[in-house]
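Heads up, there are several structures right after this.
Two complexes come next, and they have one chain in common, subunit A, joined by subunit B in the first and subunit C in the second.
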Partner chain A sequence: MRSARTLACVILLVVCVLSLAANWIAPAGYAKQFREAPGAPPSTQHWLGTDEIGRDRFARVLYGTRISLLLAPAAALVSTLLAAALGGLAGYVGGIWLRLATGFTDLFLSLPWLFLLITIRALLPLNASPFVSVLITFLILGLLGWAASARVLATGAHTLRSSDFVLQARASGVRGFRLFAVHVLPNLKPILYAQFWISIPVFILSEANLGILGLGVAEPLPSWGGLLRELEGMISFRDEPWRLVPLILLIVVMTSFQTLLSNETEEVAA
Partner chain B sequence: MSRRMFSRLLLCLSLLTGITAAQDGTVLRFCLRAEPKTFDPLKVDDDSSLTIRYLTGGVLVRANRQTQALEPELAESWKISKDARQITFKLRHGVRFSDDSPFSAEDVAYTVTRLMDPELHSSTGDAFRSGNGTVTTKILAPDQIAVAFSAPVVGLDRLFDQVAILSAHSAKKEATVLGPFMVAEYKPGANILLKRNPNYWKRDAQGRPLPYLDSIRLDIQPNRDVEVLRFRRGELDLINSIDTEYYDRLAASQPAVVHDAGASLDSEFLWFNQVANAPIPAYKRSWFRSASFRRAVSGAINRDDLSRVVFNGHAQPAFGPVSPANKFWFNSRLHSELYKPEAALQRLQGDGFRLQDGTLRDKDGNAVEFSIVTNAGNKYRERMAVLIQEDLSKIGIKMNVVTLDFPSLIERIAQKFNYEAAILGFQNVDLDPNGQMNIWLSSAENHAWNPQQQTPATAWEGEIDRLMREQASATDAKKRKAAFDRVQEIVVEQAPFIYLINKDALSAISPSVAGASPVILHPQTYWNAERLTIHSTTQASR
Partner chain C sequence: MLWRIARHLLAIVGLVLVGGLISATLIRLAPGFDTDERQLNPNLNAESVRVLHDARNSEHNVVKFYISYLRGALHGDLGISHALEQPIQSLLRDRWRVTARVAGFGLLLGWLLAVSLAFSVSLARSSGCELVGTAISGAFLCIPAAVLALLSVILNSPGYLAISLIVFPKVYRYSRNLLAKAYAMPHITAARARGLGELRILLWHALPVVAPQLLTLAGITVSIAVGASIPVESLCGLPGIGQLAWQAALARDLPLLVNVTILVTLVTLLANSGADVIVHMTRSRQA
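Entry: the complex of A and B
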């Protein structure tokens, strides 16, 4: 198990480093259109060929990976903090607040999130630059993705509320927010970490889903969703196997995350 | 009998058997992309129903999809009155419906009366409504009928291409047809089987009854990937309209099956929001209302690249509102806008814009930046937008591409006018400019850049209104053409729509289908369905 985890860590590290070094490794850039060579096969100039409008696919994969790997954790952080604030506090306070928070969370979970995302995205101002649009996309994902984590954290905080050490702290005169911040929150950390790590692949896939629908990151910025759209309508994978690279990369990164997560959740369970 | 004679006899026999097989038991198979909404030919409003109507309906006159000329069908001849209010048809003799009942002027009268019934809400009927009065029919003889309208109807005879004649007496109106095929079986969600109409009146040059095919099976298949896969596996005989990508992939493996009939009537274009109360900054509205700005943007777009890169050469740079494929109405004096970014920049500088550190600024110093919306999921439009984005960046314009789901897009461009520019396309099925009245009149809903105006906002829009009304009321084809030619010129000069490309009519037809000759008009591949055959060897192997 340890070796699998190490391998997953190494893979994620390599992918992260490569994506961060995209400026040097793929100087063609993600937006430059080589219009004389659209849909070109791999060559020394374009290692993974070019996309349908002649952009270097290797550069787009690296930049797309950078966007997904940097912004998905940021969105996960937003959603985990929201979940901690809402679920953690409600679980800690208990009573009617817990019931209200649970009901609200259930309501939120029952919403068809994809349609919600599409609707909210359609309401946003149009004149946002591609970079702002990518930030907005992941921010929306973060703001809408807290509910599942909040439920877990509410249950965790509620369990901690009646634990011996909290009772002892309460008996010692520790009350209110101090009791939550000093005694409850630190003990919620493993759950928070787990929820954070779980959210990252979820957000990566959510952006990919939006991208496949053409509603993800704005052009010309690349993202995994946008890159996966290239596979749309492919009849035979044998003809152009290099077009599968974004999909393979997504699977490898997701699998690495899952390997790390399974270890994390085992630790939390222990 | 010598050996040579015997082999000749054998060859003749096999040929005869082939012809017999072609006539008895041949099935043509292709897909409908959606369930037909109706089998009533007068209520047709969707592509699938249109296909059924085309294959089963008998019409008085037919626009030949290849020559674009009108040809007699159930009417041997026809005459339009000078005031274009009346048309008189002389009907063909000896024609019988699929239920063996005779065809007469009574059936035409019944069809026209029903078509024009306001309760029917027929879009086919709407095309005939030029005035408020009623439409009357007068049977002059069993084979002669006059149809009179309360106001002149331009292009009157051509409109009858869409009117499938119903039986006045049959109880099963929709099942009783005069066309080459009749609906024999309908399995909702699966397929529709059309069988040969044994009473179809047409015969080929050798006097053999048409159609040659015994039946047509229309599989309902919304998924284009599946449609192409099934075609490749030999389960379908044709794909009526195919995307560029699929076309190229099929061309790579089976070059004989794909057909590019050249530029179609469909056009892709972009436009700027010029609505007076649109929620956009005033300085941007003033850019969008400037013809120089619009022409400069048009001149900075490399249409050859759009055609070559986005459509892999299966599109032609657009000239204006009418595709060159529309042989009669296209204004041949127009030329495709040439890609000249330097000239575009000069034009902008003439309008007070200046290029500063790679950014174009207006005379008040505002950086020229706008967003362009298009429908998500249409990869060709998205790619065109990305190419235009780079083209415009060369003259310092920053363009943000926004893809929206279709309902949101329509809400923004048609209801709230909360957008700056848009890329969309028109699918033209009508050759006559009258079908575009709802676009060009300034009061029209589809006057996309500034719809539903009380009075024309600009002089040139007023001029277009006048010319469109003039062509709609003139009965002389030359006068109509002259008026609409001028409309096309004004549209190119003012560029309210910046026309980008005309997509080619692409299709795929299995080599087993004989007699196919794809054209640009709908239905591209099976317009001569009655003369299509399936090779007997292929049929035997099925």
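Entry: the complex of A and C
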């Protein structure tokens, strides 16, 4: 298990470094068109060939990986902070606030995640600039993905509320937000970290789903969702197997995350 | 028991009503809600354009729209879809069968695959089998639902296969974990020490322990299957509720999307509450 975790760490590190170094490694920019070679097969000039409008696929994979791998943690941070603020505070205050927060969370969780995500994204502008589309996509993930984490945090905070050290702090005169920020929140850290790490692969997959449906990051900016959309034009796997590279990379990265997460969640459970 | 069912029903009605109102508000606030492509049609005269404009105006106040919608729904009138220009009732009636078939078969196949693999791994009791099971489920867990839908189009396989492969890894992982915990219980060790066969231990001693949790999971997987039906139906060209939701969202079709949201929320909540009530009934009978 330890060697699997080390391997997962190395894979994630290599993928991150390569994507961050895209400006130096990639043979061209992600939007540069080689008009003389549209849909070209792999060659020494274009390692993964070119797409239908002649853009270097290897460059797009590198830049796309950078966008997905950098912004999914950012969205996870937003959702974890929201969950901490809503769930953590409601669990700490208890009473009617806890019941209200639970009802609101139930409402969010009563809708299937994909249904909620796709519907809300489709309602927002679809002809936005690439930069705005990136912001919209990942902000939606962050703003909608807090419910499950909030429920876990509410339970955690509610349990801590009646713990000995909180009672002692209260007896010493510590009250209100200070009690929450100084004594309760630090003890919720393991749950917060676990929820943060669990959210990252979920958001990467969600962005991929949105991208394939044409609701993700707008062209010409690449992302894993947009790259996987290329599969739509495939007739069989034998003709152009190199088009499967983004999918294989996504599976490798997600497996690495899973390997790391299984350990993280085990530690929190312990 | 009756009180429990009544409480569930009350919660379902409350959540469905609030969910419908929130979805109506979101659609009303969505950019482009006011525009109607038909108003740009040069063949329409000023009177027709005015009628179209007035029709949209009636939806400007969300609360008024929602109250009139609920009043109509109580009399069996769910409104008219702006985008498809058809009564919503007939649209839902035509399409729910497709979704029920795709999601139903998908769920059945996904559960069958997951439970058979989890049982086989438990019976085999070998780390090799465990690794194979984890690898297969892990691989499918890493593939986005929309990619599975695309792959099923490329491979010319039915849409329910994609849904089953979305459901399978989640059910497998959860049921395998539950079985592993059940196998660590003292009564299983005692049964094994008395020389009981593995199949008998699984069916008589481990399965009854994990059955309530599996039943709860069944309710949750309905929600997963319904959610997955949007990309699967949209990409595979299946005319179901998922595809309808997709079209309604893209066209900012307020009446249609409110109805679809209410329907999806209702199905999800009924599945979850149904599973909860059955589990409670089984437990109280055992007690």
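Throughout what follows, the second predicted complex is superposed on the first by the 250 of 270 C-alpha atoms of A that agree within 3 Å, B and C clash if a C-alpha of one lies under 4 Å from a C-alpha of the other, contacts with A are read in each partner's own complex, and residues count from 1 in each chain.
Everything that follows uses one rule, which is that a residue touches a chain if its C-beta (ideal position, glycine included) is under 8 Å from a C-beta of that chain, and two chains touch if they have at least 3 such contacts.
This is a predicted model, so every value here is computed, not measured.
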| item | value |
| --- | --- |
| First, second, both or neither for A:Ser3, with subunit B first and subunit C second | neither |
| Partner chain in contact with A:Ser162 - subunit B first, subunit C second, else both or neither | neither |
| First, second, both or neither for A:Ile118, with subunit B first and subunit C second | both |
| Which superposed partner A:Glu52 touches (first subunit B, second subunit C, both, neither) | first |
| Contacts of A:Met254 with subunit B and subunit C, given as first, second, both or neither | second |
| Partner chain(s) touched by A:Glu219 [first = subunit B, second = subunit C, both, neither] | first |
| Dominant contact partner of subunit A by residue count, subunit C or subunit B | C |
| Partner chain(s) touched by A:Leu107 [first = subunit B, second = subunit C, both, neither] | second |
| Subunit B versus subunit C as contact partner of A:Glu232, first or second or both or neither | both |
| Residues of subunit A contacting subunit B in one complex and subunit C in the other | 118-119, 122, 126, 213, 232, 235 |
| Subunit B-touching residues of subunit A, taken from the complex the two chains share | 31, 33, 35, 38, 52-54, 118-119, 122, 126-130, 133, 213-215, 218-220, 229, 232-233, 235, 239 |
| Touch list for subunit C against partner subunit A, complex | 11, 15, 18-19, 22-23, 26-27, 30-32, 138-139, 141-147, 150-151, 154, 223-224, 226-228, 230-231, 234-235, 245-246, 249-250, 252, 257, 261, 264-265, 268-269, 272 |
| Touching residues (chain side subunit B, partner subunit A) in the complex | 224-225, 228-229, 232, 243, 245-246, 249, 252, 305, 308-310, 312, 369-371, 373, 376-379, 382-383, 385-387, 389-390, 398, 400-405, 408, 418-420 |
| Of subunit A, residues touching subunit C in the complex | 106-107, 110-115, 118-120, 122-126, 201, 205-206, 208-209, 212-213, 225, 228, 231-232, 234-237, 247, 250-251, 254-255, 258 |
